Amino acid sequence: MLSYAIRRLLGAIPTLFIIITVAFFMMRIAPGGPFDSQRRLPPEIEHNIKAAYDLDKPVYQQYLIYLGKLARGDLGPSYKNKDFSVSELIADGLPVSAKLGLSAIILAVAFGLTMGTIAALRQNNAADYSIMSLAMIGITIPTFVMAPILTLIFGVYGVSLFGYDISLPVGGWNGGALRNMILPVIVLSLPQIAVIARLTRGSMVEVLHSNYVRTARAKGLSSVQVVVRHALRAAVLPLVSYLGPAIAGILTGSLVVEQIFGIPGIGRYFVQGALNRDYTLVLGVLIYYATFVILLNLLADILYAVLDPRVRYAR
Amino acid sequence: MSLTADRTAELVGRALDLKGRSLWEDARRRLFRNRAAVVSIVTLGAIALAAVFGPFLLAYPYDYIDYSVVSCAPDWWPDPSVLCNAGGTHWFGTDSVGRDLLVRTLYGARVSLAVGLIATLVSLVIGVTYGATAGYLGGRIDELLMRFVDVLYSIPYIFLVIILMVIFNRNFFLLFVAIGAVEWLTMARIVRGQTLSIKQKEFIEAARASGVNDFGIIARHIIPNVFGPVIVYVTLTVPASILAESFLSFLGLGIQEPLTSWGVLISEGANQMETAPWMLIFPALFMAITLFCFNFIGDGLRDALDPKDR
Amino acid sequence: MAGPILEVANLNVEFTTPDGNVHAVRDASFHIEESECLGVVGESGSGKSQLFLATTGLLSANGKATGSVKYRGSEILNISQPKLNKLRGSKITMIFQDPLTSLTPHMTVGAQIIESLRTHSGLPYGEAEKRAMEVLELVRIPEAARRMRQFPHELSGGMRQRVMIAMATACGPDLLIADEPTTALDVTVQAQILEIMRDLKNELKTAIVLVSHDMGVIAGIADRVQVMRDGDIVEAGGIEDIFYRPRHDYTKMLLDAMPRLDNPDRKGHATPAPTAKPDVLLNVDDLKVYFPVRGRGLFAKPKSLRAVDGVSFTLHQGETLGIVGESGCGKSTLARTVLTLLPKTDGTVVWMTRDLSQISESDQRLLRKELQIVFQDPLASLDPRMTIGESISEPLRMLEPDLTRDQIKSRVREIMQQVGLEAGWINRYPHEFSGGQNQRVGIARAMVVKPKLVICDEAVSALDVSIQAQIIDLIVKLQADSGMSMIFISHDLSVVRQISHRVMVLYLGRVVEFADRETIYKDARHPYTRALISAVPIPDPKAERAKQRVRLSGDLPSPLDTRAQLSFLKSKLIDDFDAEQYRPKLIEVAPGHLVAEHDPV
């Protein structure tokens, strides 16, 4: 078990390395530089600025310098926001994005799993069809459509529910206040709730038809016992495999959500950085994202092996 | 008499070489029994036709700017305060520079559908080649190729696409390739998985025992059998590609002016959401319906090609 | 006194499927008395499994059962789940065909047994654990305490089935329903399981229902027998009545179709034609096929899986060589290597004086005209996207490229008629046919190029008994007509003995005994051969129960364990999993009769 984890960890390091290298060289290949859009500077000053940012050295040297700084945890200065280093910007935005993303994934798993299980248990029933239709909607309507629509309904027009007037703020983070978080988190998690629900339903249906569930029933166990002790663990496996892509999906979605709702997370920095050719910022955010996703995939694999004893010793 | 009887018997015998019921026919029959799928096919066909022929039949070119009818509600909008009454019929209203939204939505349909289909084609070609090679050759090569896919899979690929789009300055052609490149990973995995499982089936061994060489096996036995799941995945890749394009356009990195796509329209519409909601509603509706249709067709195909007790 | 345990009256089971209604069980009525064993025999589609799934309320969602099922006088059909759950697993228990998929993969074996105990008897955990270990010992699983903590996939097939039996008997049931419990197991393992079931019946006085397609299995243990076909019970009676005085035609047909190990030359069935020609066509000498296997753990050395470990034999023209062995003995690997479908590691294969490993690849391809193979699974060995005509003509198109399209078509029609298929079916697809018909297609494909040698790799093992008999007769007839040679591979010694001239017994990649069909049965010397013979069920109650049993203890060992080869020659054994062991030599004990060295029995 431990050797499995170590092997996977070792395999993850080259992945990260490749990502950093590829991204670095891609940014350098890009035509134009970070200072092009500004007014023409006198040559000596331009020369000095370039030297300060190491832009006058050959590309491969810049690469090695960057790696060296990376090893010390220094992601370099932001080219555009000259008062801040990339690390500072990320430190600013990361907690915000983390809070948003984490809430979204927890919501997604909780709702998706429950809905999927209910749909599977009531297979081909009204509940099943309605849940799967809702799931279909969640998958096909993209985040950047859902966000404005929900904002329109709950933010601009306001809605009366059970006698309470619900009017949510249209944007802004407000330090992560609950009222501000509701809409963005829901919008962010909707596509994942839908996918997880469908995945869980499909997997649960298959497991419920399996031979060992039949044996469990033949043993005289109650339906609850059969589902919880025998079926659930196996049905959850595809979901565990999906966790990696789910997080990736939430990260992607956060780019849009942070933009629309004006949330100061690192997603917004990434988009701005890309549009402004702020190399270091973009790279810095990418590295954080990539590391996070890789680690999470690793955790998901380990969790899978914990849940399914057959995988533990197999290659 | 006996001669004609024999002849008749021979003709009847030859006629009785009945055509069997191939698996494709079985699948087609099952697909058409699926009402959701049939409705989706018809709807999608209607949208495609409207997208191709619509702009020719309408009065306004898609890029005709008319400042006299800025942000007008559709002619039938219930709230009269936002109507313009400047003459002319705008069934979907106009946008912030007076362009007719109906024709822009249909034009956007052209672009979005085109991007979706071409990007899917790109991912199909790359994915099938890559996956079939890995699956068929097996062993070390397979491991290496799939490791590469695994590495790429663990990156939220959109990020690299965004970087690509920035680098190459929102090149239109590159857009197709970039989005196709996002989807080929899953296509490759599916094709490889299918190839591997078919490779192990006994009829492949039987073909080898019958003297078929490697190329013959791939062409005649593996590819026709891989087709099914690939087609299902293609119908699910098209909406994913359309979504990806819309996403990029929304962020300002996809389709550029004066061209338009649903993503661009939705982006503009989202900005004007409070004052001119029709700018958002129609393109969003069209895109949602199109994506729905593709998904239903994909589900229907999956059920038709591999029926299990549902 | 005590009435019947189970009384079934007018039971009907129907399924609604997208292709229409299926009436699986029609009006079944029977009863089961205390401590008796009811054997239920039938082929596929007979409804025998669905009948008992219905009585225990385990039908799938699209099935409906009507009628009456009474357990000790009270109605249990279609009662509420909670009431049914009190009976299921405690008083009425069931075991299934495939023990690997029938046990929950993520729960330890012990946990699953204890769960049963605690649900029904309310025992505290410690007591339940003790009882679980007792039951495991009852089914002869050694080291019960260690096994309890293992997961199902860590046990062998035979052990898993024993665990299922243990789980089913833990709460002291009145009735144990066994649905094809040994079908997925090797013959020697099957014999062990059947013996356990016999002992349990005698000791615990549990009533048993044994559902099987194999009349030999039924003959060994049942008191009464019920024969089913297409949902109906066509005949029922005491065991001797059914076997010795069958009345219904179907029962007679079933009994007639079963090959019998002790009587291979029955009337009306194919037997090998006498051969006079001594020409040697195939000469296999010390063939070895090893596969590299990754070891366990982070730094393990690669090991070799010795699938075929030094096999030699010769084959004459017109002769049928039978190869018998259980899982892992290498028989399928041997077949494929002889045909050059798999590469060999060492040794030689000489076909008609040509060494097959020395000739070019294109020559190898051309030789396929003379060397053909029929596979085990009829449906899987045919490309589902090709018509059967295309499948049959493929070897012709590849290996006789000079033929015109018309010539090809007429050859295909000709062979189709020879194997009993209507020529008009030429454009149909495999999924439109039954298993037996598809196997005829497979045979047609192999024979259309008029080969000199056909290897049948478990060609009849996946077929129903009645179909099996027809296909065997067909194969032997085709062989006699064309004078070709045949290698017939099977795990079923009765079939092999029936149609072969000589028989070779394989164990873990090596030959343990080699003799003609009479000697192999009457004068078997090697302990493995004897165990194999003793394990094959004979469809004759008196003979089966009077049989002297030669037992093999434990399960089939892993081919990676080098000690396994010396399980019959323990005197020369080095007790190390990886050590290079002594190779038992093949000794000619009589002309034409070879036996591997073994410790005296």
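Chains here go by letter, A, B and C, matching the order in which they are written, and residues are numbered from 1 within each.
What we mean here is this: a residue touches a chain if its C-beta (ideal position, glycine included) is under 8 Å from a C-beta of that chain, and two chains touch if they have at least 3 such contacts.
What you see is a predicted model, and the numbers here were worked out from it, not measured in a lab.
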item: Which of A-B and B-C has more C-beta pairs touching across its chains; value: A-B
item: Longest centre-to-centre distance from chain B, chain (CA-based); value: C
item: Rounded Å distance, chain A centre to chain C centre (Cα mean); value: 51
item: Chain A and chain B: spacing of chain centres that average the CA atoms, whole Å; value: 25
item: Distance from chain C to chain B - Cα centre to Cα centre, in angstrom; value: 47
item: Residues within chain A bordering two or more other chains; value: 123, 209
item: Numbers and ranges of chain C residues touching at least 2 other chains; value: 60
item: Shared interface positions of chain B, touching two or more other chains; value: 309
item: Complex contacts: residues of chain C adjacent to chain A; value: 56-58, 60-61, 81-82, 84-90, 93-94, 96, 98, 101-107, 115-116, 119-120, 151, 153, 164, 167, 294, 296-298
item: Chain C-touching residues of chain A, taken from the complex the two chains share; value: 3, 6-7, 123, 209-212, 214-223, 225, 229-230, 233-234, 307-310, 313, 315
item: Chain B - residues contacting chain C, complex; value: 13, 16-23, 201-203, 205-213, 216, 221, 224-225, 307, 309
item: Complex contact set, residues of chain C against chain B; value: 17-18, 60, 62, 336, 339, 341, 365-366, 368-369, 372-373, 375-377, 380-385, 387, 394-395, 398-399, 423-429, 431-432, 442, 445
item: Touching residues on chain A, where the partner in the complex is chain B; value: 14-15, 18-19, 22-23, 26-27, 29-31, 123-124, 136, 139-142, 144-145, 147-149, 151-152, 156, 205, 209, 244-245, 248-249, 251-252, 255-256, 259-260, 270-271, 274-275, 277, 282, 286, 289-290, 293-294, 297
